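Have a look at the structure below, then the notes.
As written, the chains take the letters A, B, C and D, and residue 1 is the first residue of each chain.
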């Protein structure tokens, strides 16, 4: 399948490489220059423009930093370069509002659009073990399903409204942020009481038995807040988007407010390259620790 | 091993039965009359008093409702009936303050005392799959370890201070309460946005891969808040004990405050037999749902 | 002074009438039909369009519901109708972002613009006892100062950046919302403890000696949550704008989050005409009261 | 009237002196040595014991640091030294639980007891401008009313249950703490936005017109967090007592939780002699300020 891949950041590079490994003809594009390290000996050439990448592709995958980056790609000629059979698979983590605007822009030009945000950090992107939530019209999803399967370990369908997938993605990051704050508060209590926080997070995970709890719990218990696997500033952006959706739909989400606020504090005080686990550091600083 | 077992509630009955199944000579006692259903065809007779149960036992296990119930057992002659070789294994979920008072009372009379709170609900008690955290002096722990192994699937040692085990137990229940509030907020958002909350909790658990997330997530997504596996009133008690410890050690725990407050609301408004998952119901009621 | 007055709602009508009483030549305009009850026997005729109202005026005062209403007035020809000497006094409670866009739009066309949000509800508007915060260039402020004095009991200057006045206005409404939540929590505690909440709010105000505490305290203690003097939905809008500014400037404001969330709950559950004091009702409902 | 005065701290010294100035025969007692500076040229001698101070007195006033200090005075023979006509006026800020225990202890020995906590800091104690809330049986209150009037500018009666007065006192301190957090959050926002926080607190008080807002607002806007007029550690104690009562009566008080937590952070990080306004400093530190 001929696939234009827009956005070769920490996640996108490996996702595109996995598509190439699965035999798809990937035409990569990135706004800035990139060396295609992950593609093996004969990497494909970087397309010179969005239009050049997209023209003739059966699918376009975009994996970009935020609302603005995705909307800039649309403004720079994506829709005009798509054919009537091309499907745009938007995999970036974006706001509900931007997701709706994108769907409208595609519908306006009768172009196919599905949202397919991914769950997992760069290590899972590299090993093709992402989980993917996809939403949009059935026919378009069916056409791009092989691509999704080449990048992830599982795909969940969430119905015809693309933005639903983006909201569920935000809701999942909210659950991780809540776990980080929880570890921060709990480890703060244990440390102040003279108990090794590592034993605490181990016991919590003897109960939960979750690899996510295991890896994040260790980071918090050991005070490893960087270098970032997922930057605090990006975590803050996601909590902001959660709260925007919560406000739109009238749902009080006090833990999301708390995570948002602690990430603001982390960003105000911390180094640029801190992981969003730093919100657990902020929770402990409130107890005068560290 | 001859074991006095004090407290035959929803948890204790099955724990005592598992000890009997493992070949220990269990002498059960309960403050009120009980039928020993779980012990098979030839259940042991209920001891007529604490002293009668404890006299001659190598170990005493107490599994009682709260601080007051444990302290009442001590007040009613437990220490006087224990011999110099008897080890009291206190498995109840109690406060840090009560745990310290118990340790002092035993030390004062030179009686052996270890704390061994359990992780898991009645279904895990029945299948001997509890996780147990134990703290106290090494020699005492070594003597009662076979008993712990007969009741659980794993044992974590937490050093010589018995109350450390109680605090870790509270910290683990705090982590569950935080997850419940998180599910409540997240499901509230999804429902208001027109997304099936079951798909949301499934996707969260595709990420976390935790049996605890799976079972509690289903309960919240389906609105099953009773009959109680762990009553809201008991969850409230535990959050109160977490906050007392947080106050003693100077650690702000805003999620614990939130969980405590929502459980107060649940208890004020809800039926007596509601599960502590009801705190997720309260989170959704704030959005005008249900 | 010839003054175009745009927006004759609950506040604007009386403010415009007070200008007329002070001898100014007021040309009123409103998007929908209005009877000019407050202007005495010979009310001025309603202008047929924004342009008709503004043309030839020395000052334009806008007093409108929200960002959108103010921006609609600009879109409908306000700037084109203003002369180089006309000063636009924007008195609406709007967002920091909208306030900046307005300032830029005026600067782009070299038209004079000051922000002058007001403090007080309709009763103070009627008695010309509003407090007014004004920000913008000195010369423009000097020209419209007589108008401000005719509408209020005091004017505070906040420097050259118009949006500063809007942010301070939002910060003041935040302080009132916080007081309402405080009264809600405090009265909830007193009621549950069997103490008359009226005695509580009286004692609080024996200490604070504030007419604002006196009037709002009575409302909360007596459970008077409507008809609205300031609608809950408008209070919610203001808390949303506070939180947007807090997010932009990186300032955690947990009480603003709490007030926002409780107002969402109030709006989700309550009647349309409830006052924003209803956030104190929500605080008490959490205790199972009412 | 012959009055034993127990407790000559920052408040008690001036209160006792005001009683002496009003012509009462004050017999002062303090646990540690004190120089009676406030009593003018001929200060009364310090009683050598509680019993010596109390014997023969028509009234006993206690003005002590906390629950423990008050209960120590009772344990040291207060009740035994009181006659059947003596009224004990307990003016300390204590917990609801201690207030109830005191009332029971007096009832058990048929001694008269009223609670009369005071509102105001040492400056108001010196100028006899405290506000006093009194609760207890009518006859006892009537007998000590002249004493209360000599120490304050007003007295509010709160019915027959002494502890009601203590709870209202705590509820009033809660209102002040909430105002401090509000000023902290608001000033943080203004500072980050480039607005002078003094102009903000002035405008807030142009609205509220409260001397309490004026003086505390200035302290926060100017960053004056010490030396303490009311120590952060005492403010923390009071918020703890508020939350204990909130828990007993089932009332979620999220602002009290927030104030409690910020005071814990202040105490963990700050100097010993910081005022409880430091909770506003903590609120601003969350924004990376200072």
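Here is the rule we go by: a contact is a pair of C-beta atoms (placed from the backbone, for glycine too) under 8 Å apart; a residue touches a chain by one contact, two chains touch by 3 or more.
Only a predicted model underlies this, so the values are computations on that prediction, with no experimental measurement involved.
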Looking at A-D and A-C, which one has the bigger number of contacting C-beta pairs? A-C
Could you pull out the chain whose C-alpha mean position is farthest off from that of chain D? A
Which integer distance in Å separates the CA centroid of chain A from that of chain B? 37
Taking each chain's centre as the mean of its CA atoms, chain A sits from chain D at a distance in Å of 53
Length of the line joining the C-alpha centres of chain A and chain C, rounded to whole Å: 40
Could you pull out the residues of chain B that touch at least 2 other chains? 250-254, 258, 261, 264-265, 268, 286-288
Across the complex, what residues on chain B touch chain D? 240, 243, 247, 250-254, 257-258, 260-262, 264-265, 267-268
Which stretch or stretches of chain B touch chain A in the complex? 96, 119-120, 131, 133, 154, 156, 158-159, 161, 164, 167-168, 171-172, 174-176, 178-179, 181-182, 185-186, 188-190, 192-195, 199-200, 202-204, 206-213, 242, 245-246, 249-256, 258, 283, 286-288
Given the complex with chain B, which residues does chain C contribute to the contact? 261, 264-265, 268-269, 286-288
